[in-house]
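Each of the next two complexes has chain A plus one other chain: chain B in the first, chain C in the second.
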Partner chain A sequence: MRADPPGRADAGFARALEGWPPPVLDPAGPYSEPVTLLAWALFIGGTIVLVVVLAALSVALFGSSGLKRRLGGEKAIWIGGIAFPVVVLTGLLIWGLSLTSHLAAGKPTGQEMRVRIVGEMWWWRVHYLDRQGRETVRDANELHIPTGMPVMLELQSADVIHSFWVPRLGGKMDMIPGRTNRLMIQADRPGIYKGQCAEYCGGPHALMGFLVIAHTPEDFARWKASRRPAPIVDPVARRGAALFETSGCAACHVIRGTRAQGLAGPDLTHVGSRHSLGAGILPNNPGTLAGWIADSQAIKPGNRMPPYRQLGAEDLNALTRYLAGRQ
Partner chain B sequence: MRSETGFDPELYARFPTREPRPAEEKDELQRIWCAPKGWEYLTVVNNNYIGIYYLGTAFLFFLLAGVLALLMRVQLAAPLLDVLPQATYNQVFTMHGTVMMFLFAVPAVEAAGVLLLPQMLSARDLPFPRLSAYAFWAYAVGGLCFFASLFVGLAPDGGWFMYPPLTSKAYSPGINTDFWLLGIGFIEISAIAGAIEIIVGVLRHRAPGMSLDKMPIFAWSMLVFAVMIVIAFPSVILGTLLLEIERAFNWPFFDATRGGDPMLWQHLFWFFGHPEVYIIFLPAAGLMSMIIPTVARAELVGYRLIVLAMVATGFISFGVWAHHMFTTGMPPMTTGFFSAASMAVSVPAGIQVFSWIATLAIGKPRFNAPGLFVMGSIVIFVTGGLTGVMVALVPFDWQAHDSYFIVAHLHYVLMGGMVFPLFAAFYYWIPMVSRRAMSERIGKWVFALMFIGMNVAFMPMHLAGLMGMPRRIYTYLPGQGWELPNLISTVGALMLAAGVVLFLIDLARNFRLSPGGGNAGNIYGGGTLEWLPTELYSTRSIPVVTSREPLWYDPNLAENVEQGRYFLPRSATGLRETLVTSPLLAEPQYLQIMPGPSPWPFAAAIFTAGFFLALTVQAYGFGLTSGVLAVIAVLRWMWDTDRPVAMEGVDIGGDIRVPTYMTGPATHGWWAMITLLVVLGMIFVMALFSNAFLWSNQPAFWASPPAPADAWPILALELLGLSAALGARPLLRRGVLASTGAIIVAAAALAAAVVVDYRQWTAAGFLPEASGQTASLFALQALQAMVVLIAILMAGYMAARALRGLVTRPSNNTLDLTALFLAYAGGQGIAGTLFPRLLDIAG
Partner chain C sequence: MRFYGGIILPMALLLSACDTPELAPNAAGEASIARGRAAAAKLGCGACHAMPGIDWPRGRVGPSLNGFADRGLIAGKLPNRLDILARFVRDAPALVPGTGMPAITMSDDDASDLAAWLSSLDAR
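Moving on, here comes the complex of A and B:
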């Protein structure tokens, strides 16, 4: 049984995409909230400065001669160009520095949930870790977290540089080959949070999305408990399981508990329970799943999965049924 | 300091001279400086021509890259459009950024320098006209071929900052990336050539009496610009070399699996890349500071503060590069430093903005086309500066970085800081080079369309970024609310383009180019020397400068200059010549004989382009031939130079006599060589940095180098080379043979040192493909080998001149410069021998 994420899968995905209110200004946790506050302070302060400069420019252009005379000297430069920025910038710098060290990830303390996420061209491996950093569950393209708990992400790359960014939960952090970068995120409210690769990584970089699903701690416990291979009951799905191994799918994908152990593509053990397909770009339903299998190149050109146009309707249906049941 | 060179400033009182000049003097000047006809136009070297060609070509690239921008805006107007397929879009945005930054912005400001500086300083030309011609042709031919790669689908697609490993062979196997790396090679060459030209020109070719504090602000800005190029470009030169070597020969500089590090590229690229922004901005700010006093009809307020601000910008800009890397996981201490520096750099920008406003305030500003563009530029630039302060704050940058917020920010800065000032400059200076000024009426429309279009296009991008839209995406999913801001941006981009098209129409109607054939003149009432009556030889005579706006303070100046009542009213030697003055107070020092038209710079440029392009498409035989021909062409063009005339000293007006040939540290050639050596030194320092960076970041891949003590034969050879090079100059007093012999010994010793050093490393089991350590180590050696190869060529050239009896005694410029270069090669060799051997011990 699937743990209940907020809302139906399709609706949840659509809601996650919504860009209004702007995610950067609509924080959902303690690693994004202070930045939003800073952002508002910067926008308001910046607007005031812009208005002042425009006013000065207007005085210079249209002002009375008395006003113009006051503005027209080195004193204006010393006040407007030197003294004012130095004072304001010093204040901002102190705020920025203290916020930086407050938000930056340190060493694991044992209090947080740990996950390793590895960027791939053009999807994400997700490895849930225990407190000691040992791998527990593998998944792809979606991250489930409990609300109210800090999550430390260990970010790596398998190929080129990617950047992990879920704006409502925190800032972004690059995934650089040969390095492990740490990023803290936390969601204080249940929901689905959209992310996207922010460092240009070639080809379909534009279509490399990611979802974070935050559950209440109870729901999260239920979700975690449901992470075991589901039995195959329906005969059509059983045929799909056989096809999965014979048609080539198994060469690139893992489905735990079966002979499908390919490592090149995303782990599909729980693909049926995902909210999205193609790395956060399609809602997950039998139609999109079948469409993705038949010709993912038409949906996400350049991705590493070849099209399976040769599959007949019945085969496609069987495969879809099988995969949709992997929950 | 009353006098810098022993020149008596009282002598300036002799000018303007009274007695009339013979009429035929002016005819002779015209004859000497006249341009070749027909096909021979390709051989012109005069800055009036090269400057216009240069600016025109840069503007062409602005238009081409602008068309690419429009294509992108159409593709992004709605979600999931298929106007540009993914692969094309990725090439198009890469080319848009690359062409705008490398083929438009830098060359455009450099071209403005080539065109305006001699006029502003009242020099007859820039110090090395043939170098200008070469730099221009290499840029024009190379740039156009590079752009054409787009039409065959081979354009680079890794983004303008080309991060490896995406751009490494493994993930970009095609030659697209090589096109980028080699295409950038031309720009590097022309930028460095231009920088040398400008440094020497600004410091040594000013009109007498134009001390540094009387220099036009634009000259100051170009001086800072050129010095910044000299410091910053070596980093990207080295970076592109390393990446190309990694791609071609599999040396793993950036491959983390073999002890390289992709972060090394980011440091090398941004150490260039951020100063680059100020490299573009400062000259444009200099243009603003020239135009605003004229628009306001008032002296610039805070001249000294502006100069200080420009120099400060230059310094601080070298401490901000890592603000492009706040999301790479640098420790908070490091990001804190770069955050502080990035905020600090806004102070000098603020100084300039308030100086402009204050200048407008004390004057009576006119709302003519240049005036509108400078005012618009202030508004746009300030907006971009404010978002710049925002992204300088690390936590905010974690959100904004690589999102459309940054796209908005950078376009505000570059449009306000460079494009609008450049358009102001077009309107302002076109009367100087064209018989007709631009239309004021159409100019207002152009401004309105561009200003409104710019804001409509880029303002919504701030919001798109906050809505989570990353940059460099070829499409986006519907339902994210990104549709509206993107559609508005597209509409704005089209408005902006309409403004540019209107400008082009006006340009086609009104631009009448006729260097030497008259111009519209000083219609705005500018006060600086470029508004004197000029012909191809620049001004008839070279005035004595006593103020910053000489034309405002001496109403008779134009007439007196034109009547030849100042310095050099004629050609003293019957050749092209200009006055070289001292760097601080601009006291007359000697007469520089200048080269005339020549086909060889053009030929050298064509073969240089052939060399790079053939290497890109892996036609190695053709490439090599081209390279050799390019070297021959360069040597051939230099062969005519450094020939003293038979006159010891000549009268340059007012009975003041200066020599026609000088050697030693005061000469323009010496200054240029020192500048070039700084460039080479910076390339080498960045290579040392690469070695040390990989050492500290990839210790697991580090092998112990051979013992430093075993390096003594190499060091001995290098010391021999160094001392022979240093001895060559004094030896010339004994004889040409002894001196040339010393040069040849030096070159031979240095070449031997390279071979011995290479064999010692390979004997110890080091191979370049093995690891980041070995790759960066052999990169040091490759650099040294390249420098020594050039040194050998120079020694051969020197020997050939000695055989032909062209080496003057007791001193000679060609010998001086060859010896300097060899001495540098010796010094670099010693550093390169010791550094990688001592590095491990230091740790």
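Moving on, here comes the complex of A and C:
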């Protein structure tokens, strides 16, 4: 069973930055609050400086000569042009760095949940790790977390530079080939939090979305327990399982417990339980699943899965039924 | 005043009696159409169908739904009527066995709103 926590999913997929208040100004945890605070400080401070500069400009243009003589001269340059910016910008730099220093994680402490996320063109591998850093579950394009617990993400890239960003849960961090960058996120309320690749990574970069689904700790335990492969009894789905291995799907996708062991594309062992398809961009139902299988190029042009227009309706339905059942 | 009222009121009633069913959808109809469009976006119908008013995705697996109101048959088989359409969008294989369009879980309201919206898509 899929638990559907309240969230912003109804605001549309592939639209991580939409909605009001804007997600970047609507923090939902301790690792995004400092970002919002800093943004407001910069915005308000910038407005004050702009007003002062405009006031000085209007004095220069329209002020009486007495006023200009009193305010102008070398002293104005020293105070307004040099001392003020040096003091303000240095203060901002120190404050900003200390405010956000804990957003990027250091070494694991054993208290947090650990996940490795690997950016790919144009989706995300998700490896759930145990406290020792060993992989427990493999998934793609969405991350389930319990509320109130810090989550340490080990961010890597398999090809080009991507950037991981779930605005309501934490900062933004680049995923750089050959490196592991660590970022902390946390959700204090259950919900669906949308993310987006924030570094241009080629063709369908704008359609490289991500979902974080935060459950209460009890729901999270239930979600974990529910991820067991069920036997396939439905004959249509069984036909789909055979087709999956014979029509090419298995060359790129893993379904654990079967002969499908391809590593190029997302692991589909639990694809039926995902909230989205195509990396956080489409709702997941039999209709969108069939549409994606038959012609994902119409939905996400340039992605690496070829269209399967050669499938007839019967085969397409069988594959869809099989995959929708992979919970 | 009374004179004009005496003429205009029956005329207005007569005209509205003629025009309302075809030309002016009532308030509930407009609301239903708007909800139907939102439901199409929410359910991701665009994964297979290009639809007016939905920029992305514009799927090519199924037919474009542009001008659907003027289409004679649903899926080349069924008469294009609101009640049949509302059943078809939710459980296409039950009405047209062998179709590539799968059954999609949705509420009664979503189904009737989708039908209302599709029936509003004339080819203007």
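The working rule: the second predicted complex is superposed on the first by the 306 of 327 C-alpha atoms of A that agree within 3 Å, B and C clash if a C-alpha of one lies under 4 Å from a C-alpha of the other, contacts with A are read in each partner's own complex, and residues count from 1 in each chain.
Rule of thumb we're sticking to: a contact is a pair of C-beta atoms (placed from the backbone, for glycine too) under 8 Å apart; a residue touches a chain by one contact, two chains touch by 3 or more.
In this text the structure is predicted, and so the values were computed from the model without any measurement.
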Which superposed partner A:298 touches (first chain B, second chain C, both, neither): second
Partner chain in contact with A:161 - chain B first, chain C second, else both or neither: first
Chain B versus chain C as contact partner of A:203, first or second or both or neither: first
Which superposed partner A:290 touches (first chain B, second chain C, both, neither): second
More chain A residues in contact - chain B or chain C: B
Contacts of A:20 with chain B and chain C, given as first, second, both or neither: first
Chain A positions touched by chain B in one structure and by chain C in the second: 14
Complex contact set, residues of chain A against chain B: 14, 17-20, 22-25, 32, 34-35, 38-39, 42-43, 46, 49-50, 53-54, 56-57, 59-61, 63, 68-69, 71-74, 76-77, 80-82, 84-86, 89, 92-93, 95-97, 99-101, 103-104, 121, 159-161, 163, 165, 167, 170-174, 176-179, 181-182, 194, 196-207, 209, 281, 301-302
Of chain B, residues touching chain A in the complex: 85-87, 90, 157-159, 163, 165-166, 171-172, 256-257, 261-263, 298, 301-302, 305, 327-329, 332, 335-336, 339-340, 343-344, 346-347, 350-355, 357-363, 365, 375, 378-379, 382-383, 386-387, 389-390, 392-403, 463, 465-477, 479-482
Chain A to chain C touching residues, read off their complex: 10, 12-14, 277, 282-283, 285-288, 290-292, 294-295, 298-300, 312-314, 316-317, 320-321
Sites on chain C touched by chain A in the complex: 41-48, 56-62, 93, 98-105
